[in-house]
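So, here come the structures, one by one.
In the two assemblies presented below, chain A is common to both, partnered first by chain B and then by chain C.
Let's turn to the complex of A and B:
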């Protein structure tokens, strides 16, 4: 009995000491927070959750300079972390600690808009969505309302080594309007000269995304259902991937490291990716002046296919329950949704390209890029943005891609395409069933 | 004579095979560290191309890393949180483990079982409730939000309880006969005798706190409060990751755990084996 009493007293003492310690600290911190809030009147401090300080951080820093009525507090975190944290905070239903503004990658946006109705502020009253590239507007709209402010583009290009294709007997003009079959032909000729056409990673969906969007197609249809079996673009993509896999003209890689290594190491002649790949290409400083840019190849025989596409990109959203939704919306409309000057500075200082159409001919885009043999890379890319086909990525892109990746090895090994796509569709349906 | 030679030969062969095997295993476990250290001295493009020899970019990578993020402050934040968690958790958990081992009854056994069962709940399931609790306590963006949930670590309670089995009851009874209080037995006899158990627990607790990622990410709101793992994760957030710089960040965030382990290594091994000297 005595033993028990003593142990209880001991435990209570330790607990009391602990609580006393933390209690005083927390009160102090809360008081500090209160006093910080009471002095906020003007300018309003807008908290932004985003990733990549040299990209999104730089963009908000410049935007902040254009609007004296707000002060931006940019909180950086990894991209996956940012999305995860937003999920946690929104599902908890707690509004304390919500940021005012977040960036969400375009392929994830529909999932958030669907899962958290009322969490994001509709922006139709603040923005004219016709000012933005149509494909980007589709990403940020849900149920008839526009939510995000469309931001950076992942406009796709065919980046190539002019010295290698010259060895294979091609000129820059030959590269301008290739079909995918002609692109493959180029690969076979490059192989004879000891170069690879491009990298190929069966587990990377980037090439697939570019191919599909160039035909205005996607992994899912408008209702969010799998669009595999009757998807002409998808089938054509798999035909090409089979030929890539069977041929010796592509360099097979298994991760980003090998992919970047093949580019910087001079193994491959071409890269087809979103415009952001230029920073990786420029990592190979010894190859300056050798790279060029052309439009991506076209999917022949697929209805509506063009040589424009997109891969990656994100948009900016205002949280309806943040501390200053009104101020945040007005700030974004004034800067990212209304200032060609901002985009000019961003292009000049941070090589950032937006999707705000009035800014597609700003002065900074016309700069000649010595790394790309003096080509006006940004002006060229900016000219393509308005022509990118729109798609509706829905909320289940990730699940659809996973289902397809699971059957890809079988497809590449030569098993029946329709049967495999049906199997993938069944897997997708099982995964998204609620 | 001959059979003895054969035996010797066989024995040396066995030693040889054993050593080759151990070398292989050591190589497998050391290689990632080696790669990390070597990569910290190379440029991003060199790392992508698979360079495995030390380069000349260490200083530049260091400068880039310290320019890109306030690593110094994040380091101090991490030290503060980890030391607080370590000290408080081994105090509380050792007291709990001691009590569970010494003052046994049906009731304490049930409480202990509940505690052990709570180890089975994955952290992801606790994330949202924890967030709500700390939001209600107005402790978000406060280090106590990170420290408090880490103090009552079920594993450490379990660890101390198991090791307390080897605490000699005769010593305890002798102390009681001499008039020592129950708290005195714990503080003045148990604690010094269980040094190596405390050391092992400190290593566990420090490593867990130092590497804690998910919860600090969600609970801390401003960058000034970020711990080192969060800061290093930011370094990797760009469209064009600079692997050399990231590696420098990872080296910096790995060193303290390695240091703590080597300092407490001898005690750690004893503590794991559960011996009392």
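Let's turn to the complex of A and C:
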């Protein structure tokens, strides 16, 4: 039994190596069969590891149609599985069976670039990074080079139930320029009418990420050091979370299901998340026409805070030791990095919004969304993308978030904020050491 | 004679060779590699030997000590309660007078055939804010507001312990049932003739005769709890904060959720190994002393 704990890391590596071995065998056999009976002008088969067939899968399917020189083989896995499998296969050092293309969530990307030097193909020669939203470019750059192709956005919005806020005496105009304190005020009025303002999960960092980035701040500074104790935005965020935790105007939830249930079940009036949340909101089909979109509240009193932010999103990377790195890079440059047509189709068919700026006014974005009372939400969101404050998340966002979450219960229980943040900083420093 | 014995030995070795090679290659070789890995530092594949740096880091790592504390806390609560309950249930269900024993045994054993992930998720729903437990407590007017079982550092630990008890008591009951079948009924008959009550019989006869099984199940339970992973990840994800995080989840975090420190993760794994060996020796010594 001890073997399980002791060789956890290695068994995973062995398993990955075995899997990789199987993959390469079948690929090799297929390639042999191909070359035996066809000419040289066969399209290169690009293997893509990613998650969510209806999102990333749909995107690659459409991109594949635009480039005849390649054929995409989309391998779907869970997001966590995808990211872990990449760790095991890259750390094993085996290059057979590597995919050509992977998607990596933006907050994890720099960790991979740091941990596996030479594993990913620099894309500066293939892409013009100025074509992408500046905030996104920061995510995919490491050590002065650009690696990923910036893909989907998590541009943040305040999605709200127009019928509920009307009951509380608010109009759509009132929702446009809220500060966080005014937002809380709205919550207290909503509570009187029997509604909750939003959900609150002290173990979830989504709202924290949105608050920080709206002020151009992050958990870490440009050097990758913890920025906790003197971080005005972070402290303001904790002040708000304490009020959320103590007040009765938010609905406390502990996981995604309860979170989504509170939205679809009509418990909450507002949800502040990245634009990808629209697909969840639309799950409550009986609420069609009742939802609206407004900019997120502003952190008053924090320098440089705006009502634009981002939460979530991922980018596309080419593995330098994959079977067809050249072809993969050219394919991505041609499609995700150069085709407004692709983004138009993606918005129209799969409600996907990228961060490729020339595509921010494609036709499909201007479609009125009946679910959101006829609001052109995609056009609105696309217009915000270029204004999102740019931050450098560094490689250690996960470590920083874990360190903060570890002290969050104490902070919410009322202990001294500065002391707790210092303790979190100590934990972070311990976690990131070599 | 000598030649015959040599042949016998060769045959014996040939029979275990295949299994031995597999265990060596897939069991011991990775263990040795992990041990070597535990002396290397660096992120991802940028590893280099750095002496005992990882072990020094371990001693000062607050998160490791919190997770080790949590893991031992689970062990301290779960193992005694579980083994006592398993033993008592086994004794009750071993009574030949009782009807439908098989049905009860099956019912109590059944939880441990459920998948670890699914029963953890089930417990999460049971104890969620609008879960059935809170509904029950509210209906009975025992609480005014729903209890935040999963979000509260103390209650979350409680839920993990309850979940573990629910799933594993039945499993260990089977060991005790098997052991009870091996106790000669004459011993009980003699005790009855001497006028011993139920309590006396249990304490003076059943318990001493079950001692080896108590030791076995104790070690087994300790081993599995020190490697506790699935339940905590799915129930609370280690939260709130690090309140329910176990050592295994921390190892996983170090290798997969954070920028991977494979060397340090291997070091933490060996800390578990050392812990298991140490506790096993102590347990063995204590139980032997009383003989």
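Everything that follows uses one rule, which is that the second predicted complex is superposed on the first by the 393 of 434 C-alpha atoms of A that agree within 3 Å, B and C clash if a C-alpha of one lies under 4 Å from a C-alpha of the other, contacts with A are read in each partner's own complex, and residues count from 1 in each chain.
Following the convention adopted for this analysis, a contact is a pair of C-beta atoms (placed from the backbone, for glycine too) under 8 Å apart; a residue touches a chain by one contact, two chains touch by 3 or more.
The structure presented is a predicted model; accordingly, all values stated were derived computationally and were not measured.
By the touch criterion defined above, A:283 lies against chain B but remains apart from chain C after alignment on the C-alpha atoms of chain A. Residue contacts after overlaying the shared chain place A:398 against chain C, while chain B stays out of touching range.
Contacts of A:91 after superposition: both chain B and chain C are touched. In the superposition on chain A, contact is made by A:116 with chain C only, not with chain B. In the superposed model, A:430 lies in contact with chain C only, and not with chain B.
Chain A uses residues 3-4, 6-7, 9-11, 14, 84, 91, 93, 258 to touch chain B in one structure and chain C in the other. Residues of chain B touching chain A in their complex: 44-45, 47-50, 68, 88, 91-92, 95-96, 99, 103, 105, 127-128, 131-132, 135, 137-142, 144, 147-148, 151, 181-183, 186, 217-218, 221-223, 230, 233-234, 236-240, 243.
For chain C in complex with chain A, the residues that touch the partner chain are 26-27, 30-31, 33-34, 37, 41-46, 50, 57, 60-63, 66, 124, 128-130, 148, 150-151, 153, 220, 223-224, 226-227, 237, 239-243, 247-248, 251-253, 255-262, 265-266, 269-270, 272-273, 276. Here chain A touches chain B in the complex through residues 3-4, 6-7, 9-11, 14, 18, 22, 25-26, 29-30, 33, 47, 51-55, 73, 75-79, 81, 84-85, 88-89, 91-94, 96-97, 257-258, 260-261, 264-265, 276, 279-280, 283-285, going by the rule given at the top. Those residues of chain A that touch chain C in the shared complex are 1-12, 14, 83-84, 87, 90-91, 93, 111-112, 114-117, 201-203, 252-255, 258, 395-396, 398-399, 402, 405-410, 426-427, 430-434.
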